[in-house]
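Each of the next two complexes has chain A plus one more chain, namely chain B in the first and chain C in the second.
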Partner chain A sequence: MAALQRFFRHSVLSYKALFGWLEPKVYLFVMVLNPLSQLLFFAVLVNYVYGGEGLAGYIAANALLLCVMNSVFGMMSVITSDRGMGTLQLVMSTPSNKASLFISRSLAHVVNGAFTAVLGLAFGILLFGLSIPFDAFLSLFVIWLVSIFSACGLGLIIATFCLWSPSMHLWSNLLASLLLLLSGANYPLSVMPAWLEQLAVFIPLTRGVRLTKDIVNNGDYSQMTTLLSQELLLGCVFFIISLLLIVYAEYLARVKGTMDLE
Partner chain B sequence: MMRALLHTVKVQMGLSIARPMFKFIIIVNPLFLATLAFFIYGSSSPERLFHYVVLGSGFMALWSSIVYSSASDVQRERFYGTLELLFVAPVSFAAILIGKIIGNMVWGLISMGIAFLYLALLFRIEVPAMQPLLFFGSLVFVLIAISVFSFFLSLAFTLSRQTNALMNFIEYPIYLVCGFLFPISILPDWVKPISYLLPPTWAIELLRKATEANATFSGVAMPLTALLALVLIYIVFGYFCYRAVENKARINGKLGVY
Partner chain C sequence: MSETVITVSNVKRVYKTEVGMFKKTKKEVEALKGISFSIHKGEIFGLLGPNGAGKTTMIKLLTTMLIPDSGTISILGMDPVTQHMKVRPHINFILGGERNLYWRLSAYDNLAYFADLYKVPRQEQKNRILELLELVGLADVAHQRVETFSKGMKQRLQIARGLINRPYILFLDEPSIGLDPVSARKLRDILLKLNEQGTTILLTTHYMYEADELCDRIAFIDKGELITVDTPENMKRQTAGVSIIECKLTDVSASMIEELSRLPHVRHVKHEQDEIMTTVRLQTEMPQAVIPEIYKLVDEMSISDLAIMQPTLEDVYVQLVGGDAQ
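== the complex of A and B ==
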């Protein structure tokens, strides 16, 4: 029980300390206003191009995409903030279990990502006067949590790069752009070339976006179990890879002396 | 003065592109933006594709290069601890800032070019027949207008303590309000006055008008006049912001502190 309490306490504390929570104005700009302006931009764009067809699905899918702020940039801060403050060596040399340490740090970002996505959806519903069936909300919430968990797994993989690479802004922006492009939030996946469509299968959020559109536009739940299980499996694989990578990156950092590289 | 300006352009171009993030903004980001715009507009008419995919994504690339360079360059010098040195150098700080903006604008233009070549070669987007003088004349004027706006933004951001937050925030609102990927006529009426007060709105409108079939000088007169008027207004704004930064630096002595 004490271990569980410690797990959650660490999650909350690391989130507060490492994610700019100490500066609410910055948080408001970066984590609330920026995602909402992104949602509004894509909502207006797809509404214009597709003449309003399937608008609710596109807006809900874009709301899910807002979690990228947490799953990529937030997850990156899980490691880079410590490096920036000069405490990364202490964290890496602590005797506590690294898997539990980094998973607890990721938890707050999964929750925050879900919060941003829900906020985005509420904003879209109010602004565009959309009607989404009430019973769809619970399903959407489960789908989003699993999708965001999966995206955070990939985010943590990229975050481990910071132990040997100084170019974290490059990696994080590359991943954020890839998620935006391959998830198919703003167009049907069929418009992409076949090889990109194949690549999208291994990218988190693709299934979440598809399920979101299916449920919101057509009330179609038929693929939910299959796609959700695949997304959960993908997320678990990403987290396992990231934990293995942390061990390897830690080794590289020790050998190359790059742990505090800025 | 001219030598210092040209040297600043050269140094700025080297310093900017040395940053991995800026390399991403100039080289990779235009490819993402162009692909995204093409996938959304995929089955539209050639003219619509050119106006909203080629010009739109090219302009988004240009804007990103401004947001992640000119708008934050003063803040970056502050972080490096070199802002005070630049400020007291015998060459006017304004000349150095203009040199930085020109350097970044050259990179922005290259970024636009990358987006254009990528779309033309890979997605075979048709380039409409256009009058070279009208198009290139408009493009040069657009670059001057965006440079003046960048000068104002750079100083306005210097006055703020939240440069990083603002830098991360202004990208999408400008895409939205200035109609980079769609006409501003679809925006709500209360948003349009804001659009009209921002030079990027008229800049992209000018390029669209200049690349229309049978474009004429009288056809581009309206966006050209509006852009010219805004350039003059933003020169005045820029001047006052410059004075405000200078006064703050001399009276409060806080130039390099926050």
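== the complex of A and C ==
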């Protein structure tokens, strides 16, 4: 019980300590207005391209994509902010379990990502007068939580690259673009070159986007169990890889002396 | 003889780096070239040396952050290379400067955060945090964000953070760097108080007076090699019979310093320049013979003060290591 309480306390404190957008004004701009303007852009674009067909699905899928701010840039801050503040070496040399430490740091971003996505959906519903069946919301919420968990797992893998490379912005922007490109939120995956379509299978959010569109547009839940299980498995694999990379980076830092790489 | 808590035997450490994107050039820097010393329980041990001497590398090795290339280290009877997870709960370290804290959190939350990382039971945390904030004089700003703190307050909070797990051994890497004299004084008082309570302390510093005041024993290292280990008193005895002539000069050139160093009976010369004058310290065994030579060399009008003094630890350092002491 004490370990569980410590886990949640650590999640909240590290979010406050490491995530730079907690000032109300900054949060409003970065975490609310910026994602909503992105949503508005894609909503207007798909409405124009598809003449309003399946608009609710596109808007809901784009709302899910708003979690990128947390799953990429937030997860990056889990490591890079710590290093920037000179606290990474202090944290890494404590006797705490590093796997539990980084999972608890990720938790706040899964929750924050889900909040932003829900906010985006509400905005889309109000602005475009969409109607989504009430019983779809719970399923959507579960799908989104799992998808964001999976995206945060990939975000943490990329964040660990920052333990070797000081070029964190290159990695984070590349991943954010890839998630947008390969999720299939704004066009069917089948219009992409075959190799990109294959790559999309290994990218988080792709299944979440597909399920979101299926449920919102057609009330189709038939693929939910299969795709959701795959997405959860993908997320778990991403987290396991990232935690192994952190253990390896810690070892390498002890050999090479690079933990406080600037 | 008191119990030995740290033993360092013939430790070597080389940093290997690669420079260049396509045509990579390998560069090797020998940070430590086979250093050995031991630290006793309850001691304040100073590690002194110029920049690049290997002090920080030594601290990193002792705090489990780095692995030596060869040699052995024992901390509380454990090997920090293979038993680092066992060593970590019993030690802590503090780095100089303003970083190494979470500026967006309050002082209290910073300590609570690290208390969790060191697995301090929740029921003990509150009392311990308040006790530590009291010790470092930050109890009245416990719930203020660290970003509003002065440099001295941040450094004292670092001390509190370093004590959150009640370490047997505390490592400090240049803890007073950049602090004003009052804050540095407070820091030294805290360290002495901690030592009275039984904490073994290893610190690196550039400030000789600080080492002289705090340390039971001092090791001088230079270019990765151990020069000497002894008490400050014994070290100062090495300069027995040596006096320091300290002159404050208003007008002095580099060539004149050079000429002063070549005067008969002068062993070392060290000079420091501020906006108004230059202070020159000459080590000599025959001050009465050297002083007339100084007056011959330097225009009398430019000598604003001249005194014969006893050598300090800084003079021992200059004698052993060279002229870079502050």
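Details
We adopt the following convention: the second predicted complex is superposed on the first by the 256 of 262 C-alpha atoms of A that agree within 3 Å, B and C clash if a C-alpha of one lies under 4 Å from a C-alpha of the other, contacts with A are read in each partner's own complex, and residues count from 1 in each chain.
Here is the rule we use: a contact is a pair of C-beta atoms (placed from the backbone, for glycine too) under 8 Å apart; a residue touches a chain by one contact, two chains touch by 3 or more.
Quick caveat, the model's predicted, so the values are computed rather than measured.
Once the complexes are laid over each other on chain A, chain B and chain C both fit without any clash. Applying the stated contact rule after C-alpha superposition, one finds that A:K16 touches chain C and leaves chain B untouched.
By the document's definition of touching, of the two partners only chain C reaches A:R6; chain B does not. Using the contact criterion defined above for the overlaid structures, shared-chain residue A:N186 touches chain B, although it does not reach chain C. In the superposition on chain A, contact of A:V142 is made with neither chain B nor chain C.
Of the two partner chains, chain C is the only one that A:V91 touches; chain B does not reach it. Once the two complexes are laid over each other on the shared chain, residue contacts for A:F41 go to chain B alone; chain C is not touched. The least CA distance from chain B to chain C in the superposed model is 13 Å.
Contacts from chain C toward chain A in the complex involve residues 15-16, 57, 60, 63-67, 84-85, 88-89, 93, 95, 97, 99-105, 109, 112-114, 116-119, 121-122, 161.
Taken in their complex, chain B has these residues touching chain A: 20-21, 23-24, 28-29, 32, 35-36, 39-42, 44, 162, 164-166, 168-169, 171-173, 175-176, 181-183, 186-187. Residues 2, 5-6, 9-10, 13-14, 16-18, 20, 22, 85-87, 89-96, 101, 253-257, 259 of chain A are the ones touching chain C in the complex.
Chain contact summary for the complex, chain A toward chain B: residues 25-26, 29-30, 33-34, 37-38, 40-41, 44-49, 166-167, 169-170, 173-174, 177, 180-181, 186-187, 191-192.
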